[in-house]
Amino acid sequence: MVRIGLIGCGYWGPNLVRNLAELEEADLAVVADVDASKVRKLTRRYPFLRGTEDPGEILRDAAIEAVVIATPAETHFDLARRALEAGKHVLVEKPLAMNPDESRRLAELADRTGLTLMVGHTFEYNPAVRRLKALAREEAFGKTRYIYSTRVNLGIFRPEINAMWNLAPHDLSILFYLLDEAPVSVIALGKAFLKPGVEDVVFLYLEFPSGAVAHVHVSWLDPSKVRRLTVVGEKRMAVYDDLDSEQKLKLYDRGLESTLFVDGGIQDYQVRLRAGDILAPKIETTEPLRIECAHFIECVRDKKRPLTDGWSGHRVVAALAAADESLRAGGARTAVRVA
Amino acid sequence: MVRIGLIGCGYWGPNLVRNLAELEEADLAVVADVDASKVRKLTRRYPFLRGTEDPGEILRDAAIEAVVIATPAETHFDLARRALEAGKHVLVEKPLAMNPDESRRLAELADRTGLTLMVGHTFEYNPAVRRLKALAREEAFGKTRYIYSTRVNLGIFRPEINAMWNLAPHDLSILFYLLDEAPVSVIALGKAFLKPGVEDVVFLYLEFPSGAVAHVHVSWLDPSKVRRLTVVGEKRMAVYDDLDSEQKLKLYDRGLESTLFVDGGIQDYQVRLRAGDILAPKIETTEPLRIECAHFIECVRDKKRPLTDGWSGHRVVAALAAADESLRAGGARTAVRVA
Amino acid sequence: MVRIGLIGCGYWGPNLVRNLAELEEADLAVVADVDASKVRKLTRRYPFLRGTEDPGEILRDAAIEAVVIATPAETHFDLARRALEAGKHVLVEKPLAMNPDESRRLAELADRTGLTLMVGHTFEYNPAVRRLKALAREEAFGKTRYIYSTRVNLGIFRPEINAMWNLAPHDLSILFYLLDEAPVSVIALGKAFLKPGVEDVVFLYLEFPSGAVAHVHVSWLDPSKVRRLTVVGEKRMAVYDDLDSEQKLKLYDRGLESTLFVDGGIQDYQVRLRAGDILAPKIETTEPLRIECAHFIECVRDKKRPLTDGWSGHRVVAALAAADESLRAGGARTAVRVA
Amino acid sequence: MVRIGLIGCGYWGPNLVRNLAELEEADLAVVADVDASKVRKLTRRYPFLRGTEDPGEILRDAAIEAVVIATPAETHFDLARRALEAGKHVLVEKPLAMNPDESRRLAELADRTGLTLMVGHTFEYNPAVRRLKALAREEAFGKTRYIYSTRVNLGIFRPEINAMWNLAPHDLSILFYLLDEAPVSVIALGKAFLKPGVEDVVFLYLEFPSGAVAHVHVSWLDPSKVRRLTVVGEKRMAVYDDLDSEQKLKLYDRGLESTLFVDGGIQDYQVRLRAGDILAPKIETTEPLRIECAHFIECVRDKKRPLTDGWSGHRVVAALAAADESLRAGGARTAVRVA
């Protein structure tokens, strides 16, 4: 049993509590939030929980082995750092930090101390995304040419961060997971309609070392909710639609294939359209957050490196920071520095 | 009756022939194409048509009042210029020309001669697009904040032009029509996967004098066909989905509304989500190309300026040329010069 | 505050507990189930609850004013009767009983004692169904001609009852609510594929005093989940699709209208197709079960007759019993006797 | 080359002309219709066609080898009989006749004379339906348990026949083709709203010798167009949706499987839910009518028996006639006599 304290009882915290409470190996003992009413709501629902308004109480509690952090993004770095320094394993919500210096420091701190540092990139624990990666890795899929993702809805406006920092961490973590690489550069374009300086709509264009490119469209100013990602490979294509209850994942056995030929000394390309079957594989319905929480416990217990470790969190933060810089510079191509 | 000759019997020509043949006011008399087999196919189907392999024959025929041009884009300028110089009214397929110098010269030539020059921006004659504009102009819709359009499919690769020149003229003509303005600048990003230098996937980001922005995603390398455009207004939103047979147009009475308030000397924005009904207005089912052809005949007969005149064609060409320049420069923000 | 005991902690019970626990006016005090493990699951989650394996304990407890029954259908009659005889108000899950003699006895018992007897026809508390009824009652909708409903999925097989008794109570309660009448007759056709005598697929055809007819298709042997009901009025039509998150309810301003005319002594009908807009009204998102529970508390407290009282439960049971008889008789038209 | 005359230039005739005109082996020479304007419309469009207002002219023309009949259903029998008696091969639209005596006489006449008699059950030539049959015949699909079909829309009211005679021939021909058998009995329920005696909505329930059952819902009084058929097999299921452009056919590798077991002398059934992948096979896009016309020519030329011969047409007519009888008798189970 891993004894756990959770900090942050707001929007996402209760989901973590629900999942941790049902995991046999986890012993969630205490929850903290500066807002007492949020603490009370959880302790009333889960009477075995102790509540506190002082997060420091968790960090100082020698009996707590692991800390789960679900506070506003601006506080992630400080809380995660203090928890690691107090010798505790950490699961922190995305984004890991608000700038790459901080995220790198956390990743290094975890490496140095040998403690588990895991970032809550939930989608990397989503069975549909995992299956998508397995399919896209197959010889029959061909090299991934490009990926585009749309994550829009009429949503909760976050005055302190913009739609990119709010929504795009999901897309970026999926992209880097699928491609197994961090981007070389990013171009970000967007506009603030509701409050100056807080972009409601952002478009990202990313270039990768492999030659793949990706596009991300995030917005909280859209008539409909869309959560859709398309992967175009050299031979096959795939669509992951998180809102399609029957066909979350579709694999298209179709594509345009190009062949170089030489005719009388002249080189040219012959392009052939191939259209085949569509397969919607059965996707396991386990809640991704459950898989994520179980993975965290397992990593702590068995001293395994998490799938979404500090460095994974860092490359997302590095890309977001570069994108933010590009956004401020009106869409200038900006290098993403991960190392 | 307007006596008409048509040049270009390939992909789009037969659609024009079918529509012109059924218009009472039009007297389509002759069709030309350098490919004799294409000419023959049409004259066999429409035995009242005369066929020729020499487009010049139409241009020299004094009895022909109007010329319809549906040849490859590279030939538009030359044929349209010769037709206007021969004193003939002209309906030319989009894009009007391959660069803004040529498109401006054509627009000026039409103005000088008093002849009708019309560009085949079919979507501006589409009843759904017309209705969309009427709705977006209403007080209740509010100012248009942004528009994004997706025009992708697994499609016909065009080695001589890229996916942008092939597909985006539609989106740009719709955008400019809806907003009643040409863009200030454009950023174009894309990539060629099948043949070096011929982009298969292009993303455009456009900024307008009114403050509106627009995004266009075109590709012929996609698993599914999508033809969807979303307009986000200050109070309402609309989606035009050309492939939705039951609800081509949806008007969403919902939005995020932002109010500036001052509290103790501090200014801030309060954002309120409003969610209301969705209305899918009945859309007239007349074929847009039929409306377009009838409009051309009417303009010639009544000496009216067409909705999509030479200057309308020119601003699309100017935007495409600026986008092409941006694409070559790796996404540099490029001014669109229409005047 | 109404002091409540709940009997039946299986599939549906926990949903009732969750909703009752969050209602201010309800004081859910004790839960009972013959299966101790189900009781424990709830008391652990809601530590303020007392648990018992003996439902009789609740019925004998003088402090309990109201009893909520969510046990298997076969036990509804006996438990509801005992609760009413013990002077308690009762909310019982659908179907109210397994035959119309029993359901009538319960309705009469409630009338005689002045106690609240309410049946859990949840869909009558569903905001989309309520709105549908309001729309279908409007002059502009015209008289309802016919309704058809599909409730199929690949589902939980219930060996003790068939798909009709399991699924159709929902459809029948919606139909009778929408039409404000009970049917005159029913024809039921179906087939048992998995276990002899237990129909997996059933089709019902109902005739109403007003002249309206209805068709219901239920099955737990279907590739996809469908929950869709179509109402065809003389002037308008409506579709209620419970699985459509964006457009749960659609009102179609279209129809075929028939006019009788006399031409030279010969009578005939002229039929005209009218196609207009589609409206998807905004539907309140409150959970129907919450509204149902609140309504029960309100009825108990204010001595109001519930929307879904014993007689409402009775007419559904009477229709099911007639349908069962028709099913056994191979689809014979069978009278529904409600009075 | 087979020399052909076509009788009936109304709604469906032009589609047959278009397809026959493009078939190399067919020599469509003459078209007839009692309405001269309809004849003229076709001869103007296809100048190689001779036109006549007298169908008898075609029947008497010794040079005509085959006659295609696309007239109103009431005239099918008489025209087909006369054509066969005149020694001509016949392709006649569905339904083959208006009663089973007539349809049997035609089938027998064709057998006796050795002439080709083919009925235009277009869906049996539809690549999606053919593929569906191939899939449903596989061992892995299991025995077909039941099929249901929905063919509704807001449609063209036909005062002379009802929605069943107008629409259900399609469904019945598909059902009999898929199951390779004719039904034992039929129950038909429906109602006339627009004109007394002309049912706008009809539900059919059919029982087959193999134990399979089928349900058909036809209506021209529906808000939306639906063309969907579901086949439920013992191991797999399939959906054919003619309006789904991307996934016309879906094969579901899922089902409920039932096993009989004996436990302590008691027999019971264990039911297991199995959920697997969904496959949407690539469907050839050739127009079904083209395949049908080519098949007719091939049968005439090679003296082959058509897939949809007179007996195939007869069993559809026999089922419709029995259904009509059931409808008049208020849904009485009515035997279908094919032999």
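First chain written, first letter: the chains are A, B, C and D, and each begins at residue 1.
Methods note: contacts are C-beta pairs under 8 Å (C-beta built on N, C-alpha and C of every residue); 3 or more make two chains touch, one makes a residue touch a chain.
For clarity, every value in this text was computed on a predicted model and none was experimentally measured.
Set against the Cα centre of chain B, the chain with the most distant centre is C.
Across B-D and C-D, it is C-D that has more C-beta pairs touching.
Taking each chain's centre as the average of its CA atoms, chain B and chain D sit 42 Å apart. Separating the centre of chain A from that of chain D, both taken as means of CA atoms, is a distance of 53 Å. As a whole-number value, the distance joining the C-alpha centres of chain C and chain D reads 39 Å.
Multi-chain contact residues, meaning those touching two or more other chains, occur in chain C at positions 224, 246, 275.
Against chain C, in their complex, chain D makes its touches with residues 145-146, 148, 154-157, 159, 187, 189, 191, 193-195, 200-201, 203, 205, 213, 215, 217, 220-224, 230, 232, 234, 237-239, 250, 252, 254-256, 258, 268-269, 271, 273, 275, 330-331, 333. Chain contact summary for the complex, chain C toward chain A: residues 45, 47, 224-225, 243, 245-246.
Listing the residues of chain D that touch chain A in their complex gives 246-247, 253, 275-282.
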